[in-house]
Amino acid sequence: MQTYPKKRVEIFIEAPVLNRLLQFLSDQDVTGYTVLPALAGRGDSDRVWSREGQVGDAGRMVAIVMIIDEAKLDTLFDRLYAMVARQIGIIAVSDCTVVRGERF
Amino acid sequence: MQTYPKKRVEIFIEAPVLNRLLQFLSDQDVTGYTVLPALAGRGDSDRVWSREGQVGDAGRMVAIVMIIDEAKLDTLFDRLYAMVARQIGIIAVSDCTVVRGERF
Amino acid sequence: MQTYPKKRVEIFIEAPVLNRLLQFLSDQDVTGYTVLPALAGRGDSDRVWSREGQVGDAGRMVAIVMIIDEAKLDTLFDRLYAMVARQIGIIAVSDCTVVRGERF
Amino acid sequence: MADIFALAGANLISPMVLFFALGFAAALARSDLSFPEAAAKTLSLYLLFAIGFKGGAGVAEHGIDLKLGLTLGAGAVLSAAIPLIAFGILRTVTRLSLVDAAAIAAHYGSISIVTFVAATSALASRGIEYEGYMVAVAAIMETPAILVALWLARSVIAERPTMGSDGGLMREIALNGSIVMLTGAFIIGWITGPAGLAEVSGLISDPFKGVLCLFLLDMGLVAGRGMRSSARHLAPPVIGFGLIMPLIGGTLGALTGALLGLSPGGVALLATLSASASYIAVPAAMRVALPEANPSIYLTLSLGVTFPFNLVLGIPLYIALASMLAGG
Amino acid sequence: MADIFALAGANLISPMVLFFALGFAAALARSDLSFPEAAAKTLSLYLLFAIGFKGGAGVAEHGIDLKLGLTLGAGAVLSAAIPLIAFGILRTVTRLSLVDAAAIAAHYGSISIVTFVAATSALASRGIEYEGYMVAVAAIMETPAILVALWLARSVIAERPTMGSDGGLMREIALNGSIVMLTGAFIIGWITGPAGLAEVSGLISDPFKGVLCLFLLDMGLVAGRGMRSSARHLAPPVIGFGLIMPLIGGTLGALTGALLGLSPGGVALLATLSASASYIAVPAAMRVALPEANPSIYLTLSLGVTFPFNLVLGIPLYIALASMLAGG
Amino acid sequence: MADIFALAGANLISPMVLFFALGFAAALARSDLSFPEAAAKTLSLYLLFAIGFKGGAGVAEHGIDLKLGLTLGAGAVLSAAIPLIAFGILRTVTRLSLVDAAAIAAHYGSISIVTFVAATSALASRGIEYEGYMVAVAAIMETPAILVALWLARSVIAERPTMGSDGGLMREIALNGSIVMLTGAFIIGWITGPAGLAEVSGLISDPFKGVLCLFLLDMGLVAGRGMRSSARHLAPPVIGFGLIMPLIGGTLGALTGALLGLSPGGVALLATLSASASYIAVPAAMRVALPEANPSIYLTLSLGVTFPFNLVLGIPLYIALASMLAGG
């Protein structure tokens, strides 16, 4: 089956700004993303966090996975990065392939 | 340490057909997969979904991650894709390496 | 924007040893990781598991995602693998790129 | 008539309706109020457990009626007949495709257990009794509608590439979690009777109304969110259908109940079951059996239009109708 | 005086305080005891639902006071004024940056609803009544402090590259889940009155105290974990602030309440609200509005220092103070 | 004898057993009925909280017995001795490896708190009292069995490459969440006594039985699913062990209790604790300490075979035995 190369963008971002980030993605006409929960983590700043027993959103992370066309990613990456860098968050980009190339 | 190249298949599929998809994978003798929950998402069709407060399965997605040998994947990919394409779902495939090559 | 190649390490490990694994990562000065929940899975050993209705930790898996520098990974991979191999668990490594190269 | 308005008015300012409205409004205003998925599922299991057990204990106390079998049969027939009517209306007054119309029809033939629970609660506030076995009727009405819808969509199904028989679907539908919980609790309530009820009533009776309010708040949030994101999928004739169809189903149910000689409470519940539209079991079944149908339409219509209609206006109407038909 | 000690002593061995202490100790000892996130959120929604509804039903029963409006206004002023004091102290006695000080100040102007709930429960144990509308005062005090903090940090905000107006923030803060739940339940309690309360009291009255204990156990676990991982972010002067500031806020609140002529219970609650520091709504708002501020500081200070202080010592003190000021 | 059958019969149609059976059957029939993980964990915390608190309040009311210390000691000895017997039997009648046998032995020396709770509930239905401190005995019996199992498997452990001392394990086992919740609630119940109990009894007494039924339904689902997927891991002699071992443990426990002069209720509970097999704490500990052992075997045996046996037949038997031994 014919497949097409795309980018898999994985963003770990603090939960309180999730909605803003998703709004940003919608504004950029991103064709799709999925938000995954995260349980716990540890970062550069030596902060350890865990979702257990927490009521509030501050201090916890969520993950966003987004399969996207490279050209499209290029047009929005700088602004996306600026937004994530201001907050607690990281972005990692890797390669992947999909079937319906035009869909992403 | 000696490592072996494998494929990392990531499937986002609507929750109501998860069990059927897993049954299909078992039927194909897939050696392993892990199902991850998803919280929310947005797709091509502009549908926004969120798991919050939901009782039912319809309208929400789950993720399946499957580390698999390329040859094996080739034998089942067309049928897997046909199954996913009929439903709400996408498949992305990327490269990875593992240690126990024969296990996948 | 300038990006740097890193490794994305994905570990699926049985829940009861999660804390030990995280302690190990801390001891190795790993700069960051995120723990993701898993819902269900199936492995080589034909064991099927599901988190539904479970109170205990035994018999279920969690996922750890870790973006890390290749050189750093090399120094700890053997011990990491030894630890995971003793338990129910697998490790898959893939390539990715990040912006703040020095952070990982 | 004045009575109906009084009933409807009292209903409007009941905690149940107000909490639903709070949730709906909060979602429309984009508040981030929300219940964890696990909480929503657990509340729903609680309601099934409680209503099933109480129904069974009621049967144990009052004995079975000869009418039990008849009412079960009538419920199955209603569940099968209503989709035919719904399908006919949809294909006439809307431009929905055959498969969308069939999928929607399945929802209206099947039932919404929360609507049923809200109706039992409204009856209890008015001191109206009902037959405990109506719980079993609710369980039996979940499924036939699905089969009829598949038959309505048979031309679409026939066109698909064969992909092996799907015997699993029927088992899945018949043994879905809600049905098993409801029926299981009903049977256990029946077996253990008033003594069993006494043991668990600290959980299933005292906090019941409050839990129902919380759950309706959650449903308001989900329904409001659905309307906000998907109302544009609903053309005006489709919305109209979502408001008229419960009245048709409800009337059919009420007439059937009166014919069967059920008590006024029983008639009101059969009307409510017939009027209500599934929003948990049937949508999931449709994703498996009719993936071609657009879920944004049937989910939004059932949960965002018909559920609120029944909760706010339908239930008091069906109760009033039942009192008229079955004396009271 | 002896009275205060008796009160504090009785408080110390109340189940509420003991369960909090259990959680705190278990977390410090690295026990893996923990509540699922969904459970913690649901318990918190339950407490808001119950306290809001009871407050509203109380207003329905006792009618509104002319003081209602005045107390709401006074609450808003306290919420806005306390951050100014807090900021002044922090900038004087600690080495925290302007933005960290502003963020912390917002927490102390705003309120902790669980502290409020614990205080109502302590009042109930002592048979002291309070004005039902104090719940509305709690809701109103959540927000003003945030605006004042943003104004305090205006120099930092001005330096940022413009990134479009953020009109969303105010709506988000005003409609955050806790406020909507609390206010919504309050209004519904008010509308449905004692009859409504009777319907839901099997959920919101009988198990209330026990649920509060469970929730405090969870808070002890979270606070203890926070202290274990982040205590090193808190310099001694900052910890000192976390112990002194509630006394300042509490005294201001108590004086204001006495001036307004509130009942002793009302005075104690206004003191408690003023003394308490937010640990849910404000931290989330700060991550959006002042991401430059270090969350490890404000979260740990609010939850790990001030919350336990208020729970264990503050509440009995504020009650004693209220009895002195407002007679009793 | 007739008595035993009557007891067992009454037990069989109790809501508790029936809900467990419902879950078990639903899982075998592959229904998708399930509780969210968060709900299952929360229900389990609730049961520990309630049973611990009530036990402590009972001790506060009736004072401590000289027997308390003796019974705690006897519990520890039983927990350590039973694994030796279990290991001996397993190595004789099954073909399980040394490490699998040792891991299983640990489960049977340790305890299942839900089995204990079910037994207290069965006692309550029969109006039989028991010593409140049996809760503390339950807590103390969790751990010794694990240490004995590690000693039984010492040859396997010795063969491992050294990987640093694992001092953490003992702390983890001793401070695992269940033990901390149970013991903590027990101590708080003891400190706050009947007054404390009165405050929380709306949560821990009234809904208790119903929550237990829900939890047993969940356990039935999990046990049934486990049997469906893993029964093939259990050879017939292993299943036989899972049915006989509780009788051996139960008899030992009952004799010990009678020797100590416990009340009939206390004897029945000590028998139940000795007969029950852990399925939460010990499996997790085994994954850390004896990863070589196959979890499919010990989890399935404990949860799928011994737990149902005890719930359905064991508990009435142990109660009958206790009445015979301790008068009644």
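A, B, C, D, E and F are the chain letters, set down in written order, and residue numbers restart from 1 in every chain.
Definition applied: a residue touches a chain if its C-beta (ideal position, glycine included) is under 8 Å from a C-beta of that chain, and two chains touch if they have at least 3 such contacts.
What you are looking at is a predicted structure, and each value in this text was computed from that prediction instead of being measured.
Hopping across touching chains, the smallest step count from chain B to chain E is 2. Think of each touching pair as a link: the shortest run of links from chain C to chain E has 2 of them. In terms of C-beta pairs in contact, the better-connected of the chain pairs D-E and B-C is D-E. Ranking all chains by how far their C-alpha centres lie from the centre of chain A, first place goes to F.
Computed from the mean C-alpha positions, the centre of chain B lies at a distance of 33 Å from the centre of chain D.
Taking each chain's centre as the mean of its C-alpha atoms, chain D lies 41 Å from chain F.
Counting partner chains per residue, chain B shows two or more touched chains at residues 36-37, 94-95. Annotation for chain E: residues touching 2 or more other chains are 32, 34-39, 41, 206-207.
Applying the touch definition to all chain combinations yields A-B, A-C, A-E, B-C, B-D, C-F, D-E, D-F, E-F.
On the chain B side of its complex with chain D, the touching residues are 14-17, 20, 23, 47-48, 50-59, 82-83, 86-88.
On the side of chain D, the complex with chain E involves touching residues 13-15, 18-19, 22, 26, 29-39, 125, 205-211, 213-214, 217.
Those residues of chain C that touch chain B in the shared complex are 10, 12, 36-44, 61, 63, 77-78, 81, 85, 90-95. Residue ranges on chain E touching chain A, taken from their complex, read 34-37, 39-41, 44, 163, 168, 218, 221-222, 225, 229-230, 279-281, 283-288, 291, 295-296, 299.
Those residues of chain A lying in contact with chain B across their complex are 1, 3, 6, 8, 22, 25-26, 30-37, 62, 65, 67, 94-100, 103.
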